[in-house]
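In what follows, chain A forms one complex with chain B and a second complex with chain C.
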Partner chain A sequence: MLRFAVRRLISMVFVLFAISVLVFLIFNVIPNGDPAERLAGKTPTETEINRIRAEWGFNDSLPAQYVTTMKKVFTGDLVSYFTRLDVLEEIVKGIPRTFSLAIGAALLWMITAVVFGLFSAVKAGKFADRGLTVLALVGISMPVFWIGALMNHYLGFKAGWFPNGGYVPITENPFDWAYHLILPWTALAILFIGFYSRVLRSNVLDTINEDFVRTARAKGLSERRVLLKHVLRNSMIPIVTLWGLDFGAVVGGGAILTETVFDLQGVGQYAADSIGQLDVPPVLAITMFGAFFIVFLNAIVDIAYAALDPRIRLQ
Partner chain B sequence: MATDPAATELSLQHPAESVPPGAEGGQAAAGLSPSRLALRRLGRNRTAIAFGVLFLLLVGACLAAPLWADHVAKTKPETNHLTDQIVMDGKRVDVVSTGGIPIGPTWQREFFLGADDNGRDVMVRLLYGGRNSLLIGVGAALMTTLMSIVVGLVAGYFRGWVDGVIRQVLDIIWAFPVILLGVALGVALALGGLKLGPISVSGDSILIPTLVIAFVYVPYMARPLRAQVLSLREKEFVEAARAQGAGPLRIMFTELLPNLVSTILVFFTLMVANAILLEAALSFLGAGVRPPATSWGTLIDSGVDRITSAAHLTIVPGVMLLLTVLSLNVFGDGVRDALDPRAKVRLEH
Partner chain C sequence: MAERLLTVENLEVSFRTEEGVVQAVDGVSFELEEGEVLAVVGESGSGKSVTAMTLMGLTRSPNAYFGGSARYGDQDLVTATDEELRRVRGSEIAMIFQDPMTSLNPVMRVGDQIIEQIQEHTDAADVEAREQSIELLERVGIPRAIDRVDSYPFEFSGGMRQRVMIALALSCDPSILIADEPTTALDVTIQAQILERLRELRAQTNAAVILVTHDLGVVADIADRIAVMYAGRIVEQGTLDEIFYDPQHPYTWGLLGSITRVDRPRPQRLPAIAGLPPSLVDRPEGCHFRPRCPHEFAKCTEAPPLQSRAEDGSAHTDRCWLTAEEKRSRREVRPGEIGLGEKEGAEVA
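Showing the complex of A and B:
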């Protein structure tokens, strides 16, 4: 177990390094032309371009530029090219918002998907099952920003049932916090409810024919107990794995669309704004942050998986 | 990675509903090839066929965009009608009101689905934009498929360090949130265009989002293909081919590739659906299709800005996108159930 964890850690560091290089290259090599000219505005003078070049180290070789940038990431004095604001400070400001969105949405999609998936499996082939299957497919076929914008307009703006965007810190007023986040949570959760309920449905249908379920029924356990204690618990393992990975993906940038539509000003929206301006430092830091989350949760899920299911540890 | 999400989605079908390929249709099925049997199973799935037809109708409608524009709506996608009036129920109505609010769906030949802020016909723009969305979706899915086939075959066949390097690269791309990588690449490429040797693509070409989308989805398809090649290459028929003196290229493309076809087909349909969705997301964030070109993504993007005054500008392209992606998803499910009910396919947005 310890050796496994150490190996995971080493590969994690390697992947993060490779990601930082990749992001750096995307923004410094792919765009043709001089970044200093882009920074200098519309009508730059020669001296101003030279000044910017020296200031940001654009005259150095690429590896040297990379090292300078990464040093700044780790010492925390990375500043945005454009706004001159401290990048880490801005990210820290966005983290509670992004986490509030991700945690609520993750709980919502998990609970809803388990209810839908189990119900669908129990009613397999019946009308209710077909209806839920269609709903799930509709859910995964909608762009999140589209349904988000419609919800915001019709439920928030027109009906006035929900606040029109905005964010209230949980420390200030937990009720208002949740009230402001209901629409973003729902919008973000819809896609995942579609995926998860389908996966759970097929897992339950696979498990229901296993011998241990027949044994449980033969023992005279109630159908409810068989379903919840025996079938559901065994069908949940792959779902929990997905849950960890998707939570990481949502925190690490997957919420970029939801945050933008509801103007939550989280990390994702910061990334979207910075990318639009080709502001390399924030994008580099946010992508590192996002990749860290994804890789980290991957490792956690692997280890948790091994701890939960002894059969995996044996392999 | 041990917890590949691709390994967790299983068949949608109830075990009792699925027919084992061997027990198909009694006597008549005995002489049929597996692909014939699959087609027959697909043909029996009425829902899948209905949605497949719906998709073809949507494609047909977009292809017929010039016909609608010239003969029904009598306008071009970029023609403004700011000061024009049309006749509705015998009364003359402004296309764009003096307050700047465009007309909603009229359900008649002109402005069937309403107008936008500049008085342009939404129906015409929708059909023309759909051409780009579909082109990007199908183009990106084709490119992803080709790249994944090559990568999967090479990694799975040669194993060893080649496989090690490829797997590591795929894992790195996979660790990126799809949308962040897509947006980053989209913006960077749009700035100066793409110059690779003799190939030069201008920054506002729709080839840029196509390439970006194709690239970010490669790991999702290449990883399962590679895993399949790894197990296929140990089979007797590969050994037999090798004993006959077949080289690596021959084994990869004439022995292994045909065995991957069902997985590839299943992936392809779902890949088109996801590519269309990702195009919309990238365009919404300003990293996809660039003006003056339009797509359903750019239409939704500009619609969302005006949602309070003219909600139809958001609803119309979104519903079109939803119908297209939904039809592909339902049809793709049917293809999977017909070809290989146990296929493990899952894509992310």
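Showing the complex of A and C:
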């Protein structure tokens, strides 16, 4: 198990390097024109462009440019030439917000989907199952910016049950933190609940016909134990992989819409704003960190997968 | 005198399917005594596995219908509630399944799978249950059981997994062990080992065994009594010797005739029973074997009861209208073939 984890982490380092090269190429080399001009923002002056060109070493060789870029991104040396704000600082400010949203939503959608999926499978074909199927379809079909805006308007603004957007740090007031996040969590989770509960339902129905489930019954275990210990655990394996990937995707960009609708000012919203202002340095940094995060999370998922399914460890 | 453990009377199992009602088991009756091995023999679809699984309540489903009774102690396994059955399952009646490759939970250590069963039926503490499971694995012949208890099923070979299944089945000292084709999925050499192990364990525990199989070689090895099933009915029942040396039903003749023998000159082709077993949705009237039977006559459209037709009134019973005299003369034994001559005008499917 430990060996598997170490091997997986080592291979991760290579992927990270490849990604950094790719991001560097995409931002600085592949587009036509002067990279310094792009970095400078919407209305640059000639002197500023020259200063940026010198600072980023755009006259040097490509490997030297790569090193300079990486240094800038990872040492916190990156400044937006549009807002004059330190990029890393802005990102760090957004991280707790984005993670509060993503972690809460991920837990919410996973737990709800397991409950719905299992229930649906046990009642397969019955009224409750069909009802949940329809509900899942509705959930999958509702775009987050629409359901988010509706919730914000009716539950927040009109009814006044929930705050109208905004964010309170958990360190300041955990209750207020959760209170402000309930709507965003729900809005973001709905799509995934629909999707995950469908996947889990079909996994459970496949697993329930496996021979080892019959063995578990023949052992005289209670139906509850058979379901939770034997069926659910085997049905969860593909879901956990999906979960890790989706969580990474949400943090690495999927939360942009939700953050914007509920004005959470997380990393996603920062990226969206920067793109709107053609402010390249923040976008470069967020792309890099986002990609790194997803790769890192994939490694974690693989390791968790091996913990769940011992057969993986051998490979 | 051995105690009677199980009395199955007129057991009926049918399933409602899209094609119609499948009568999988049709009036099966047998008894089982302490320490006895009853082999239930028949080809695929004869209802032998369904019979075995019904005793464990494993065939229960919204589309299944049951009739008759299966008395175990003061309980009827057919009408018992799920909760009552659950307490019997695994502790008093245990089952070994056909395919050891898929019958164990792939993501649970084998020890945990045994411990789980022990703890379901006893108050054994964790350490105690673990020691018991190691001991069980040793008993079924798994080397280095103390290390292997923490292995996962995929780290075992097929034969070893079947041993784990046997250990699992024996974990609560059941009085009845149902083995559903326990050696079918295994290599021949491993089959012999597993059978040997079953035989030893039976001698040690005095558990009764219901052995479901289509392999007459396995039966000859281990069974005390045999019930031959065809299309949901028992067509002949008797002791091992009675069935092998004095078979009464033409279907049994055919089964025995199609065994490969190494001690006799081999015919060109292995003799087979012409035709196919009937569909269980639309079975022939009267004797189910009638369409394939070369000895069919007018009376066969009436279902023959399972009864003894021997002069001495022994417990050797069969479902065939032929008289004992006719049977004796018609099943003349030729090398590699027992009395199932060509049926005139029979279509070979």
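The working rule: the second predicted complex is superposed on the first by the 243 of 315 C-alpha atoms of A that agree within 3 Å, B and C clash if a C-alpha of one lies under 4 Å from a C-alpha of the other, contacts with A are read in each partner's own complex, and residues count from 1 in each chain.
By our rule, a contact is a pair of C-beta atoms (placed from the backbone, for glycine too) under 8 Å apart; a residue touches a chain by one contact, two chains touch by 3 or more.
Remember, it's a predicted structure, so these values are computed and weren't measured experimentally.
Between chain B and chain C, B contacts the larger number of chain A residues.
Within the superposed three-chain model, A:89 lies out of touch with both chain B and chain C [touch as defined at top]. By the touch criterion defined above, A:22 reaches chain B but does not reach chain C. By the touch criterion defined above, A:219 lies against chain C but remains apart from chain B after alignment on the C-alpha atoms of chain A. In the superposition on chain A, contact is made by A:301 with chain B only, not with chain C. With both structures placed on the common chain, the touch criterion links A:55 to neither chain B nor chain C. Of the two partner chains placed by superposition, A:77 touches none, neither chain B nor chain C.
Once the two complexes are laid over each other on the shared chain, residue contacts for A:283 go to chain B alone; chain C is not touched.
The contact sets of chain A with chain B and with chain C never meet. Note for the complex: chain A touches chain B at residues 14-15, 18-19, 22-23, 26-27, 30-33, 124-125, 133, 137-138, 140-147, 149-150, 152-153, 157, 191, 195, 198-199, 201-203, 205-206, 209, 238-239, 241-242, 245, 249, 252-254, 256-257, 260-261, 271-272, 275-276, 278, 283, 286-287, 290-291, 294-295, 298, 301-302, 305, 312. On chain B, the positions that touch chain A within their shared complex are 1-3, 5, 8-17, 168, 171-172, 175-180, 183-185, 187-189, 191-195, 273, 277, 280-281, 284-287, 297, 300, 304, 307-308, 311, 314-315, 318, 321-322, 325-326, 329-330, 333, 346, 348-349. For chain C in complex with chain A, the touching residues are 56, 58, 82, 86-91, 94-95, 97, 99, 102-108, 116-117, 120-121, 152, 154, 165, 168. Of all residues in chain A, only 210-212, 214-223, 225, 229-230, 233-234, 237, 308-311 touch chain C in the complex they form.
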